[in-house]
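For clarity, chains are labelled A, B and C in written order, and residue numbers in each chain start from 1.
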Amino acid sequence: MLNVSGLHLWRGDRHVLRGVSFTANAGQCVLLTGRNGAGKTTLLRAIAGLLDPEEGQVQWRGASARSTRDEFHSELAYLGHEPPLKGDLTGRENLRYLVGIRRTLSADEIDAALTRTGARDFADRAVRTLSAGQRRRVALAGVLLSGALLWLLDEPTTNLDADGQQLVARLIEEQLARSGIVVAAVHHTLSLGAGEVVPLELEAA
Amino acid sequence: MRTGSLGVAQLVIARDLRLAFRKPSQLLQPLMFFMIVATLFPLTLTPEMSRLRDAAPGVLWIGALLSSLLALESLFREDAQDGTLEQFALSGQSLTWMLFAKTCTHWLLTGLPLALSTPIVAVPLGVPTEALWSVVASVALGSFALSLIGAISAGLTLGARRGGVLLSLLTLPLAVPILVFGADATHQAIIGGAIGPPLRMLGAIAVLGVTLAPLAAAAAVRIGLE
Amino acid sequence: MSWAWFHRFASPPWVYGFATRWTPWFGGAALLVMLWALYGGLILAPPDYQQKDAFRIVYIHAPSATLSMAVYATMALAAAVGLIWRMKVAHAVAAACAPIGAWFTVATLGTGMLWGKPMWGAYWVWDPRLTSELVLLFLYFGYMGLRAGIEDPQKADKASAMLAIVGVVNLPIIHYSVTWWNSLHQKPTRLLGEADMVWAMVWPLLLMFLAFFLFFAAVVLIRLRAELLRRERSASWIREVLK
């Protein structure tokens, strides 16, 4: 369903993505590995449509992701390095706005997602007051809440303790079991109990 | 179920209002700036009321312009830095619509209070009381148009070096028509002349801004987020 | 319509070659036309009965003014092509145009000021055309400032392209508002260039317009070559060219 072919991208002088190609179907998790600067973040952003590749195509459900941008985005959840949360709002409020603009949410759904990622206890404190790991748990609840079919995760286990890393693995497994697709950039391999893993290693320029 | 346009706008507005009122002191800063700047003019020109009255349109509008430019900083910058603006662009909803909602909210929090506070500055500058309501109306309209146009430069300068100064540098030439017609409306109000024509031109610019600027701002923000 | 013709312009090496071949022709033509026009304008044409010889500055002033706006329009058009068809070369053309246009604007303002002194006794008057030129200069500065302020070259190209397009849409509005403003406050003044011109004065002026356009073509091609060299420096065709 997600098809990336011949992606080339330059950032200034650096030829960051040099002909990246892969296909991911329902129930598959693409694990992006590579050293720092290899282009993992660039690739994720290019797939999401935040960056424009010079050459190559990203196709979703057989159509160009760029020409069906809004439909593509409505099925996509992107989580970057930093959790996209407003410091002055509580976790719960953040989720209400972050995901609420995508689909109608009930308070119960938000609660359920927060509970699943272990963030319920601190969901009503201003995000400013939370630790990095706690923020990530809130952000993960957002990804879960979005109900998106395709997850693009940039180093999702950053700042998480051992429990948290297990949580991420379980969440990905559950997403794959729902016939979702995950593309995750990771530093150390993520061991998934279930679901098909497609490894993709990027080399630094 | 996918959120409809009305719902999206409601959420965006509610979010920005809630954020603004968590830090209410920030709302006062552009106003304070406006008043200080307006006070500096008599100090550098003359305390004579008749001369000040002549200069009043310029003082009011330049003060309002500079204060609005400062306030434009807060339109996108924080959201761009913490990644929430990016999430707007990735939501699958119309970024144009969301940015229009954001810009309107921003104006409600900065431009409108500015317009409402102009009497405080206008009276000491010798503006007659009968003229005050049209001063408020013209500054309200002009600051709204400025917010719409400023959203474009705000989007383009995201992540640029010296973004704040660049934002002002880019927006000022584009603000010339607003300044010209706004100041003329104020001038006409003071001398009791015809405020209709300049006010209508200001309105036309605002309408043009509403139709075209949010589209350009959305394109600018997508470029700025790269 | 053959799109192959259009697509050639998307290829940096082809455009580089085109620019190299045509620059001398444009430059040579510009020089010849300008010499002829200046001979006609400075020597052959009679002095204006009111301004005497001072009117002759129109031969620099008017073409500079026209070019300053034509270059902005060219810049915006190239930027739009670059943005819509994603052509690198178009962005390079826009970047090459900007400083040239800015200099034409400075020349307009400078010659305007030099003309103002004998005409109105003042180096500067806030007449609508000069004021619009000044705002145009600020638009150029804004464009160049934005380019300089963005690190990533592709992002700088796109952002400045958007700015150029927004600017070109605003230019008529700005000019209209400045004219309005001027009509409110100015006593009627003799506008620049309103000398009663006889044909002997006019034909050199027309030639000067042509010369300036040719000059712009030559200079923009030179700058374009430099832009392409800089942008494509790691590409293989560069090594071929520089042998």
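Assume contacts are C-beta pairs under 8 Å (C-beta built on N, C-alpha and C of every residue); 3 or more make two chains touch, one makes a residue touch a chain.
Note that the coordinates shown come from a computational prediction; the quantities given were computed from them, not determined experimentally.
If you compare A-B with A-C, the chain pair joined by more contacting C-beta pairs is A-B.
Distance from each chain's C-alpha mean to the overall C-alpha mean is smallest for B.
With centres computed as the average of Cα coordinates, no chain lies farther from chain B than A. In whole angstrom, the spacing between the mean C-alpha positions of chain B and chain C is 32.
With each centre defined as the average position of its C-alpha atoms, the distance from chain A to chain B rounds to 36 Å. The centroid of the Cα atoms in chain A and the matching centroid in chain C are 48 Å apart. Residue positions 151-152, 154 of chain C each touch two or more of the other chains.
Each of the following residues of chain A touches two or more other chains: 52.
For chain B, residues that reach two or more other chains under the stated contact definition are 226. Taken together, the chain A residues at the contact with chain C in this complex read 10-13, 52. By the touch criterion stated above, chain B contacts chain A in their complex at residues 1-3, 7-8, 11-12, 14-15, 18-19, 22-23, 82-84, 86-94, 98, 225-226. Those residues of chain C that touch chain A in the complex are listed here as 86, 151-154, 233-234. Of all the residues in chain C, the ones that touch chain B in their complex are 135, 138-139, 141-142, 145-146, 148-152, 154-155, 158-159, 162-163, 166-167, 169-170, 173-174, 176-178, 180-181, 184. Taken together, the chain A residues at the contact with chain B in this complex read 48-52, 70-76, 78, 80, 82-89, 93, 96-98, 100-104.
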